[in-house]
Amino acid sequence: MNAVEVRDLAFAYSDGTPALRGVSFAVAEGECVGIVGPNGAGKSTLLLHLNGVLPEAPDGSGAVHVFGAPITKENLYEVRRTVGLLFQDPDDQLLCPTVGEDVAFGPRQLGLGGPELGARVAAALARVGLAGFEARSAHHLSRGEKRRVCLAGLLACESRVLVLDEPTSELDPRGRRELKSLLASIPATKLIATHDLEMVVELCSRVVVLDRGQVVAAGETVALLGDEALMLAHGLERPHVLRHRHPHD
Amino acid sequence: MHIPDGFLSLQTAAAAAAVSAVTVGVCVRRLRRTLQPRQVPLLGLTATFVFVAQMLNFPVAGGTSGHLLGATLVAVLLGPAAAVLVITTVLVVQCLVFADGGLLALGANVLNMAVIGGLAGGGLHLLVRRFGSGLRGTVTAAAFASWCSVVLAATACAIQLALSGAAPARLVLPAMAGVHAVIGLGEAVITALVLVSIGTTRPELVGGVETPTSRRPALAPRGLLVVLALVALAVPFGSSLPDGLQWVVGQLGLEHRAVVTAGAPLADYLVPGLDSSLLATALAGLAGAGLMLGVSCLLGRLLVPGKRARAEG
Amino acid sequence: MRHGFLDRHSRLQSPIHALPAWSKALATLAVVVSMAVASPSWWPVLVVAAVLLAAVTWQSRIPAGFLLRRLLLVEPVVVIVATLALWQPGGRTLFAMLVARSTLSLAALILFVNTTRFSEVLDLLRRCRVPSLLLTVLALMYRCVFVLVDEAERLQRARVSRSFSPSAARSWRWVAFQAGQLFVRSSERAERIYAAMCARGWRP
């Protein structure tokens, strides 16, 4: 079964600017798919649709299916628990004064409490390498640590699908390396929107190229990202790791 | 205007806290009814904004500087009930995170700056707003309302200090009102400038979060009435409260025993309510408000170009 | 910047920090209330409070210099307001009393906020039945203050790097513009935070 399936998704902002124009693709369970494209291609807007943050009221169009079921008003919270969203700016996502409370935010919305909640928070923090950070203040963390706390918040909800918006932006090389190995170790289905094409090559088996709200190409990572003409046409660049693999080099 | 601890008597602090608690409660209930869920984070961020904006310094002569207070600005941007909640939040964080403003005095500070500042500022803004249109009308009304809200808040603060016996009313009232008439002028200019800055880049942000149903204008005039009534009534009402400190001071300062007696400690200057200096202060306040209305119109004309000027530019 | 960001002390380790928040809140309230009702003839109460506060300061490992600096920051306001008392009967005694009471109350509050984390304070407020809307707004504000201060600093630096001739009128316009932009950015961040709250299963 497909974990996520998008069929002919269209969306325009309230001022009439079209953001997505008939986007379709599917992601199988356990797969890791990269979503790449230039700035303003509609990547973030697309991701917000995957767990029903957009459109504001589920319109029942059935454009987005999660594990076979379209997102409706009734299963909205169920979908949000299944699909975890990692936002681009961790400062937007960290809501609570302390790390522990923040990781507990999601599970608490699911009705969890008491020692079970504490154990889940501790396990999620240990998973991202921040064991014992519960009482720390969110604003005293480094950028990379903040992002890992956000990730722990998703893991604590036991989301089956992780949707990540620019997870490696603004991280130093070590932070990037650590985050990449962390992501590789998580078995959930993953969709990663990013400009970090090296990471896409390392983590994703398939890639969807988005430009001006449309899917312009989709397919196997190495073949697609190695296509110099395609990359240049859509404001991207063939990643260095692929240079020596390309037939013409 | 943050009153530190140690100046207010227990009775005054408790009475102010009670009034604040009830008003904030009413505002919360109202917001729960009218606020859309997506606007909850906006309240938090606006509170943060006010806190940070208060740190921005506006240079005044001689190396000193002033800063924004913000109650009226928030009332104009989000509506009066939201302003009360937002400024209350700012005061609570200032008190409980940065020890700025007293703990026992928190109720009084909320009453002066959040309740009076927000409701009077918001109410007067909506009242004056009817006489102008567009951004210029908003800016003019906001400038006038912010001056009034600062002066009213300072007056309330002075009344509380006088009721607590920390300072004589005939001195503290004109002093606080006078100083804050000047501070209020700065607040009016800053509020107007900030509104122009927001209104020209994102006009849709100026206007209030409460859903524009029939209920919306109801709170502001009522709130304004309540505030004015509170300020007017506080003088004679408070004077009948026995005041421990004042009484003891009277006991100690033996030569003044005849003046300050238990039971009606402030009888000397407050029960008539309007002795000559207080009457003069009140009249000066009214004259100031009239003058300020003119200044506000001028500010509005100066800062927001009219339709013709915009067409030419 | 008007406030030093002082919550670093609330993360120290000490016997005082380890006490439950409610006990510290009650103690602070007790000091503040007893200061409010203390009369000049009760001066021993003030001495006792001063000694107690000094002992707490020592136990809490908060640097005494820090406490004094914080007190001195507020003291001018205290003295100015207290000066008004000189014009009434028993003025000099009252003046001394007001300054002493105010200083001791302030010291108690400074000790409280520097030995208690804000998340504990929020918990305490929740137990005192403070409306949940107010609590949500408080938590969000506390969380975002640090983010927005950074944003204000970035705006400030951008302004400084581009301004060549400071005139008072122009700088008022600039600072107000900066404040306006700060609000615009805050409201945009509020939109993103709302999206994040929804994505994480928040139910209004």
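Each chain gets a letter, A, B and C, in the order it is written, and its residues are counted from 1.
We adopt the following convention: a contact is a pair of C-beta atoms (placed from the backbone, for glycine too) under 8 Å apart; a residue touches a chain by one contact, two chains touch by 3 or more.
On a predicted model such as this, the values are computed, not experimentally measured, just so you know.
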Find out how few touching-chain steps suffice to connect chain A with chain B. 2
Of the chains shown, whose Cα centre falls closest to the middle of all protein Cα atoms? C
Specify the chain most distant from chain C by Cα centroid. A
What's the distance between the Cα centroids of chain A and chain B, rounded to whole Å? 46
How many angstrom between the C-alpha centroids of chain C and chain B? 20
Which whole number of Å gives the spacing of the CA centres of chain A and chain C? 38
Please list all residues of chain C that touch 2 or more other chains. 7, 118, 139-140, 142-145, 147, 189, 193, 197
With touch defined as at the start, can you tell me which chain C residues reach chain B in the complex? 1-3, 6-7, 28-29, 32-33, 35-37, 39-41, 70, 74, 77-78, 81-82, 84-85, 87-90, 93-94, 97-106, 109-110, 112-114, 118, 121, 131, 133-134, 136-145, 147-149, 152, 168, 171-173, 175-184, 186-187, 189-191, 193-194, 197, 204
List of chain A residues in touch with chain C within their complex: 48, 51-54, 77, 80-81, 84-85, 87, 89, 91-98, 101, 105-106, 109-110, 135, 137-139, 153, 157
Once bound in the complex, which stretches of chain B touch chain C? 2-10, 13, 24-25, 28, 31-32, 37-49, 51-59, 67-68, 77, 85-86, 88-90, 92-93, 95-100, 102-104, 161, 165-168, 171-172, 175, 189-190, 193-198, 201-202, 205, 244-245, 248-250, 252-253, 255-256, 259-260
Chain A contact footprint on chain C (complex, rising order): 7, 11, 117-119, 122, 139-140, 142-147, 189, 192-193, 195-203
